[in-house]
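Paired with chain B in one complex and with chain C in the other, chain A is shared by the two complexes that follow.
What follows is the complex of A and B.
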């Protein structure tokens, strides 16, 4: 069974979460989407993904949320070996300089999207980050290829498909 | 979920295969020597394992060699039994004979091909050649598709079909992806690449492993086909089938855009190592295609790049580790199986089970090609050739009656036709890559695959009957 590569969207405002999920749904045939309204829910979602033997390719995370904030969640993920390789994107309007610096230095932040974002930006960033995930982990890109960026995964594709049988 | 069928496939394969290996020797089949029974067990196990894949196909090939060493060689664990069972004792072949298949000249030929391909890839020679060779085809969409198909074909004649497809996809997809979704041109180009790669591999002995299977079987009968002779036979066939396939595909997937430019942003690397790579690549290919003039066998020439590329630092150990070693095992296992098929009399016994009278060589070729074509669509091309060619050659041998031409042609046709079997996504790795781009669906692949298969079948036999007798 092919390991599924998830996208996780964490956002406390339900209508914003809806928009994010709707925009990303063009990728959903290959990369299933999980959603969470808080850091705690995000941990639950991660547990489910792990229990199914699947992996997380990418997390889109809001910063200002009730309870634990987004950057803290990302820093925690960076300390967990199974979530360290996942690409981490902050999707926020209100992360201050300190929080942003912390996200870059301690959470290995991959990308920062400021609200409001441009049309298509989310999908473009998702494709790019998922491509980097596949390339860095040297996964066989074939199952995901239709949504990946060829310039990023080209070498991985060539390395993983050398032989005729 | 169709999960049950696929989850049962492995255990069934394992039980059937191992069952054959253990129980065949206890049967007493009329006219088959005791060692032939053992070889039959190994052969059936290999065929079942190769087709149902309870273990990887290359592991099966390694297992074939191990089984032959442990059962049929002078190191056999059942030597005493074999000796008693055979009247007058059993003459066991040395175990080194089976291990030796891994250094067969055909294997070394492939090793040379791997070295060249790795160097070409490292210094982007493949991409630069693509850029230069595509230029004359201009910007008319149908001509671009012909260019893509032809260039893929040329490269895959010297590199693996799969690696060539991956390379072409990486340069073509980002640009083709910008064409509007409803324009069939997207599908035309995305199909031109696997079609070009699958057909192009036929053109040279090193193009694709089934060629090696056919050539190795012929070599065992003392008939060594020079590199240039194979190319003279196969290249016109490749060109004809490719052109006709392109013509048909342009009708099935008529482009709407007026103009298309496939720009590839690469420049020739002019570092000393890159130039060394170009020189060695060019020299090796030149020596291969002129084999008839200088008489140095292609298997000897092939060792030059194997030595000189690492010696000059053009390839390092990382790239040597990256060779498709499993393909060499796959071919070696097939060669090894062929040894026991003939040595134990198994091949002749199998043939004796059917009354072939009145079949004639043509009938045999058509029958074996049909079976080979069907099997190759479902499983690996190499496996299909490996199972069929040793049996076919035992049949053709008495009919050819010492006539080399009559031996080469049927075996080459059968070996080549398996490469035309590309109907399903699983038929070949290039198809799987093309499908995964999302530009085409499996129905598109089936359309182009049927066309390729039909043309390949007809023209391979036509060339075998009409053209090749003049070349050989």
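What follows is the complex of A and C.
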């Protein structure tokens, strides 16, 4: 069976998490969504994804959460070979400069979205980052093509076909 | 050897000297007050013996003025150093009064010493007396310098303390000003949010009334709307279990549809599964959308209630400009402060142990300020996830509230010091980082005729207790 490419949303406030998921669900026919209310739950979700032989394309993560904070989670993921390639987005209104610098330098942060966000922007960022994941991992883009950004995956397609000849 | 000669008094010695000099054909010289005897730097080949009057020694300073260094009386020798060593004269010698001097050049001096034992004896006595006198004065001067240095040190310390004191007062004023400004800002923000928040609330109430009426024609939809408006929130674990169960039950449905269905309570699911089982997906979709309108409305209502509570707390929290005493319940102060500080407190296990308390007369803004400081300290001391306890109680003559943290406690030797300005046990800089929080809090407690005290608990951590007269 085709390997599934997940999006993971981590947010401690249930009603905010609900809205993020609702807005991203326009992509869910291709990219299934996992949710977590804390960093610990996020690790469990990652374990499940790994156990099913699937992959994580993208994580949207809040910063200020009880327990381990979002940036710490992202830094940890960066140290794990299987989660290092996943695209990492902070979706937060509360990360200070220090936390953001740490996220960029140590967690390989791909993008930062400030709350309150705009649905179009959220979906655009998700498509863009998932496209970059597909391109960087040199995955076959066809199963995901519906929601990919052609400018990003097109280049990789051309490059890979050029190296074939 | 000197013991062989009887020691003469200064006047006897000078009289003898004048007599022996006279025998050698030498007469004393007279100087008028102000006349210069020797100039600093001059090459001098005579010894001047002061017979009458006083002479002033002056040392040249870089600005060209002479600083008086010594005042000499009869029996003193001038020009000793330059006479014997040949080095330039060490200082100016000026007649301080009209005076008489006996001037001996090297030739006369050597002749007198060689030929007249009385002359030799008297000049020797004068020399020894001059040298020992100078030595005594050096010792005396050193003692004086030491005394002055000590005095200077004391003055410097006093000055330093005064500056520190001023600095503390200044910091305190800045801090108070900052808090007052913050209070005004908070009140302003609360007011600004209040209007849109009220509009939001009124409109939600309107929708909550109108929507069910609009759906009244389609009872199935009206029921789903009601279900949505009161659907309980699911924890993410529960939601996932339901999602997995639904995906097994309806493998043909998409994951996102199953996720939406997982929000349905069992009662609502019953109605919808009938439609799903007969594959009427359009109708199922419509019912699901109506349900979601209901949950959205519920979400808005919950968020709005949270906002209203926050605004109310902000308003009463920042009543710092009201300086009169009011009769309030400590519980209200605690509730307001906890709401305002929720963003920090949510990282801890907050335990409330609140007793039924009589109202107390106080300035709530100031009590909130104390409570904020105590809670903020507790947050900094306590590891995340550990317990912070807020407790209240009443004694015979007082009501009290306590904030207990799970930090390292307070070193016993600092138990009182922490209430003094600029004493902090925090390593990093806090919000203000001036070590003023507890000092100001205690001041505020005293203004209320209350007390603010600290103690450690055996479990580790500290308890701060504010008690107010009942």
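Basically, the second predicted complex is superposed on the first by the 156 of 165 C-alpha atoms of A that agree within 3 Å, B and C clash if a C-alpha of one lies under 4 Å from a C-alpha of the other, contacts with A are read in each partner's own complex, and residues count from 1 in each chain.
Methods note: contacts are C-beta pairs under 8 Å (C-beta built on N, C-alpha and C of every residue); 3 or more make two chains touch, one makes a residue touch a chain.
This one's a predicted model, so the numbers in the text were calculated from it and none came from an experiment.
In the superposed model, A:17 makes contact with chain C only, not with chain B. In the superposed model, A:52 makes contact with neither chain B nor chain C. In the superposition on chain A, contact of A:120 is made with neither chain B nor chain C. Of the two partner chains placed around the shared chain by superposition, chain B is the only one that A:146 touches, whereas chain C remains out of contact.
In the superposed model, A:28 makes contact with chain C only, not with chain B. Of the two partner chains, neither chain B nor chain C is touched by A:40.
When the two structures are aligned on the shared chain, A:67 is found in touch with chain C, with no touch to chain B. With the contact threshold set out at the top, not one residue of chain A is in contact with chain B in one structure and with chain C in the other. Interface residues of chain A, counted against chain C in their complex, comprise 14-15, 17-19, 21, 25, 28-29, 32-33, 35-37, 41, 64, 66-67, 94.
Against chain A, in their complex, chain B makes its touches with residues 57-58, 121, 160-163, 165-167, 169-170, 173-174, 201, 208-209, 322-324, 326-327, 330, 380-383, 428-429, 432-433, 436-439.
Across the interface of their complex, chain A is touched by residues 233-237, 239-240, 254-256, 259-260, 295, 299, 302-303, 343, 346-347, 384-385 of chain C. Residues 141-143, 145-147, 149-151, 154, 157-159, 161-165 of chain A are the ones that touch chain B when the two sit in their complex.
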